[in-house]
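Each of the next two complexes has subunit A plus one other chain: subunit B in the first, subunit C in the second.
Coming up: the complex of A and B.
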């Protein structure tokens, strides 16, 4: 193995948190190294150090025999190190070519450059529509544009941060195919992921991180998955029985329970005439988990927004129990005991510049439990937050920290804790496990089961089909703004669901 | 950003501005320490000098609060100057037309009239911003010039005092004047009023749901919507409060200091308010201090020129530097507690913003 990149003794501390602790790594060209670890294990911090977003406190990076200091992402590109972030850095109004060539001097943006972009597309079998602005592209295509942007700048090291978490299931295989080609051309690829099966499929070696340390760098082919997950979770957790009791069998029969939510004939048409929701009918019973499956962008998000009051339906009615809430405000629905875990925790579910404790309170600040003598009681908020931080094991456990200081999984725990506490009648969750590791996903799902157990109806909207099938009592499939079918996850086939997900509007009329 | 970090950075920015200003004084051939000593002694420790500082700080403080409240809701009110003019006009008209009222009734009503005037002036950009998406910076700024000319017209026409050699109105009755807080000086109770406003607003933002929600809209509008906060109403509320505060600054100038409405009576206090606001890191409770500081600089500049011979325009440069460095402090990369100085100079002024919000595709 010819050494190409050597990382020695890299450390990085934020305040009292050691995000990276003596990280060592040797890598060669044409290798794909997966980086596996729980939320907050230091994966993204390591990547940020490599591309110059953070400066390490200690240690060295040696590239091709020369010690380098990566002071900025621009310097990283000069060294041939590029990264594709989970949240893309593309200009929506520009085309693929404009995005790829952005920031380059004029002489490098000529016809030759355009030809080279197309050549790259051919080389890697990337399908990209060059005629539309990026904003109109599907996520998978946007991601390809991001990768092309890096390839065009001749990167020899490419870091992919949770690249498949944004993709539709059908987009994953072609994407992995592209990564494989990249590796074959001699690129060193770092693949940050939580998904063991994908790591198995794509990576040569896996680097497992925990609490900022490297727990091991192992060849994927000869390492059992159980060992990977044991290293990732730490030895203490690995001793725990991995088998969980089948919660579904313990669940109550809810078919006769009272109706928690009835959505009848709800349609949503935008001002430009696009039909986002079409005659949606749903019944959710108390204590039931109703999954909504479907490919991203088929009206699921809007359905959640119509039910929680963020958007107003064009027609149709919504009943919460026996009470009609079709026209009531968000605040009224919050007061009615509807919990809502929105899709985007950064932009919507949390206020990152507020403290953790204020994030527990901001959605219903005027409620009695946060007030005392007509004023906001900082002490009451602190108490509630402290209890929740303990109950949900949110780390770091200091509720005075800004929410932005927490990792994604811990941020999601804040949102979950807050909304579960609110959900007396209905809990609507959208993509609750997006970007979470195995442990955090399990935790979130356990919480959702527990809420349902207590008699709350849960609407579980997700594009991660396995999760939807695993947790739901019934699954409604959405396509093109309609419910194309409701199935029992116990006795359905993936083919059947796949058909419902892709049912064209004509077929389902 | 954590407000403590922000305030530390602002303090450092101030120090930098004074240091650079010190070099300018040095190049001018004077001792910067002596100059600053005179400046601060004359503005803060000398009885007459301090009264002068207070007189200037009063409208600056209210104008600063008039920037802070809308800014906390994410709206940049550059229209303080215009709102001061309209507030001054409303207050004066009320004072000159009201029947004989006792001071305890008359003065609050004059403040009320001025607040209504300022709020009405701010309502126009507020409505345009909330319901039409028009950029409030442009509208508030341009409306300043309209307001200044309306007052010029009023005092040169309908309100012109009989036999006046210069465009100004009649004097307001003695019962309607603000009390003097430092005997034999001009220092009126305006600053005390501003101070109480700052306290009220601080508590409102921190301890009431409506104040908290206003802040929420400025921090994250989508999360605010998710929390059921009406963004449009909040923007309008924030601007109306801002306009009232600036309007009352106008009344203070009339019934506290000049007792008449003059044309061009506010010498850019609305713009000083922007500096006061940012220097206070948008915290109402810090605004009285920053208003005093800025007023002190401007009040002491003349004395410094007479005593040391340093051109008072150096102080204007220092004021400018304060703005530049504070702006740099506020945009400097976060999470980097160690090299603050480097961040201020390099990260803030010349660097890329690491966490700049790129438009996500």
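Coming up: the complex of A and C.
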């Protein structure tokens, strides 16, 4: 096929993070290329470079034989490159038509524009309400407006960033139909996703990214799904049995221990009808570490939120020990001894502008140990913080510093120290090692093992499969909001887990 | 009881006292629609007033004075834009800083220019234009059709601004920037260029308010002569729901309250005059509480836009 787009040696660094590292790519017209990768693999960064939002530190982009430099989104539009962002870039207060016309030169906005927008709608079988502001539209319609916006600008390259993640299940098929039509007209489409079944359905080739590098560009039809997921997760030899360190032998046999957490038949449906969790059943015993593996966005985060009370399940029950907590408030669950290390420590785990010691105390500030005579006891807070800073080797070791002054690893230690102290019965950790270096990762995992050793049930949710396999006694795999299987990490293969992770909804009944 | 002459007087006062507020409010609307707060209106009124006074003083021409005032406003607007857009300083802090800077700077410069004589120097100004026939309409005629040229300029600019903002393609782009700069940027709108344009025009409009004070009202520059009009204009923006026409109407409402309280002061000398002085502010508070509740500002006003922000 004829070469249309050539990307060579593109790199981009944010601070100390290499978001893109020597990315190379060749593509032709009328092709749909899926970009597959975990969160933070560099998919969106690459797209942002192509549409001029980010300026690359190195590398070249050659379009139709001519080297181009995309210095701004306006320049990208001139070159016919468009993108549909995951969270859309529409002006909520304006109508579909106004949104489509923003930024165009005057001659393109005449009365003919109106007719052309309607024509595009007909060509692609799009239903769009032109009388209401975009803010009042359903997500699927907003997405159609975004696509119309790109089509109206005559794009020859369209990048779709996780386009189906916001759609209700019924909206996905018509959307993919539209994409197919677009590809048939000769458009080069990039389809960023981590849903393998959609990639299989829509894409000609799949480009797999990991840690800012391209791991491979493979034809979809002849590549097994398990190989894709293995490349994505950085395990080239996926059929090797997983090796487990010997830490296991030190662990107690928990199969007969009391149940710490029982989740039965829990479902969660959003107001737009998307089923995030479907009939989830889990049992976690005291002292056990239960890993939850799965590709990001398959309901793991929501499961943690339902258990800790941040979200309310649509149906089903949750037992903590013998006590039903299905309807309890967050505060009641904390009082019942649930500790929670959330995925986003900046947004949910810490208040960065408060000091380290205040961060230790603020979720339990009303407790007697932090109070004296109705006032906050600075001394008590300082004492507890100092002990934790010592025990966890948090650096710098001054608990009066703002939490924002600490590195990511040390911030995570604060959250860990606080939540471990709180977790008398259950500790829920989500992506606890995200963005941490090797040493900090090891420390966090040692702490989690120690907590389990003391008889607390631990739910370890992570997309980093190696870590889940290393630390867990059992691993439950989630896909499309369901538990697709529970395996023993000692005697399973990555191949097997890969299949469970990518099981399509029909297979999982 | 109902006195038509009195009503005519109050209406004439409304136009005179409301015009400077209306100019400043128009400027505020343009800036906020582009996503930038212009809290510096108060200072920019002073800059415009000083520029107008100095220009007219030096050349003896009110028109050149007007031009000088507008240029001062443009420069102060550009400066505020540089702080808000390029340096991404908190826009409230930047605006207040500009107000303090311009209050001091205009006081200092006025003494340099006009000397230390009390009351400053009298400068050439505009005279009222009597529009034939319409002036003869009872009550309304003298108040609305015998005004100074800047009042007619205000009406013209307000209509023009409304048309540009709500009907033209550049106006659509500007509103998109104020609502969602990232979306506008991705659609190919030159976000920063439009914001600089808006904040400069905003400064120029505020300067016209100052020019009106000097060239059409008192013919002399006085320190601090803006007397809070820039802040009342901020209320007029909200009351006018970020529409150019709405903001002018709201500003004229405040002008009406002010004119009415002057008349009340004269008619009831036994009541302490301070009570009447607070009337316009009470009226603006009440109006904001009643009408301002449902108003919604441009979604991204006050939030600096950074393309590479992650």
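Definition applied: the second predicted complex is superposed on the first by the 264 of 509 C-alpha atoms of A that agree within 3 Å, B and C clash if a C-alpha of one lies under 4 Å from a C-alpha of the other, contacts with A are read in each partner's own complex, and residues count from 1 in each chain.
We take it that a contact is a pair of C-beta atoms (placed from the backbone, for glycine too) under 8 Å apart; a residue touches a chain by one contact, two chains touch by 3 or more.
Every value quoted in this text rests on a predicted model; they were computed, and no experiment measured them.
Peer 1: By the touch definition at the top of the document, which applies to A:53: first (subunit B), second (subunit C), both, or neither?
Peer 2: In the superposed model, A:53 contacts both subunit B and subunit C.
Peer 1: Name the contact category of A:77: first (subunit B only), second (subunit C only), both, or neither.
Peer 2: After superposition on chain A, A:77 lies in contact with subunit C alone.
Peer 1: Can A:106 be said to touch subunit B (first), subunit C (second), both, or neither?
Peer 2: Only subunit C; A:106 stays clear of subunit B.
Peer 1: Once the shared chain is lined up, is A:330 touching subunit B (first), subunit C (second), both, or neither of them?
Peer 2: After superposition on chain A, A:330 lies in contact with subunit B alone.
Peer 1: Who does A:89 touch here: subunit B (first), subunit C (second), both, or neither?
Peer 2: Touch status of A:89: both partners.
Peer 1: Between subunit B and subunit C, whom does A:14 touch in the aligned arrangement: first, second, both, or neither?
Peer 2: In the superposition, A:14 contacts both subunit B and subunit C.
Peer 1: Between subunit B and subunit C, which one contacts more residues of subunit A in the superposed model?
Peer 2: B
Peer 1: Taking the superposition as given, does A:163 touch the first partner, subunit B, the second, subunit C, both, or neither?
Peer 2: neither
Peer 1: Once chain A of both complexes is superposed, is A:310 in touch with subunit B (first), subunit C (second), both, or neither?
Peer 2: first
Peer 1: Can you list the residues of subunit A that touch subunit B in one structure and subunit C in the other?
Peer 2: 14, 53, 72, 88-92, 99
Peer 1: Quick check on the complex: what are the subunit A residues that touch subunit B?
Peer 2: 14-15, 53, 72, 87-92, 99, 134-135, 137, 142, 145, 309-310, 329-334, 340, 342, 344, 347-354, 362-366, 371, 375-376, 402
Peer 1: Taking the complex as given, what residues does subunit A use to touch subunit C?
Peer 2: Residue list for subunit A touching subunit C: 14, 51, 53-55, 72-74, 77, 83, 85, 88-94, 98-99, 101-104, 106, 109, 149, 153.
Peer 1: Once bound in the complex, which stretches of subunit B touch subunit A?
Peer 2: 1-2, 206-209, 212-213, 216, 219-220, 222-223, 225-228, 335, 337, 352, 354, 358-361
Peer 1: Enumerate the contact residues on subunit C facing subunit A in the complex.
Peer 2: 169, 172-173, 175-176, 179-180, 182-190, 296, 299, 307-308, 310
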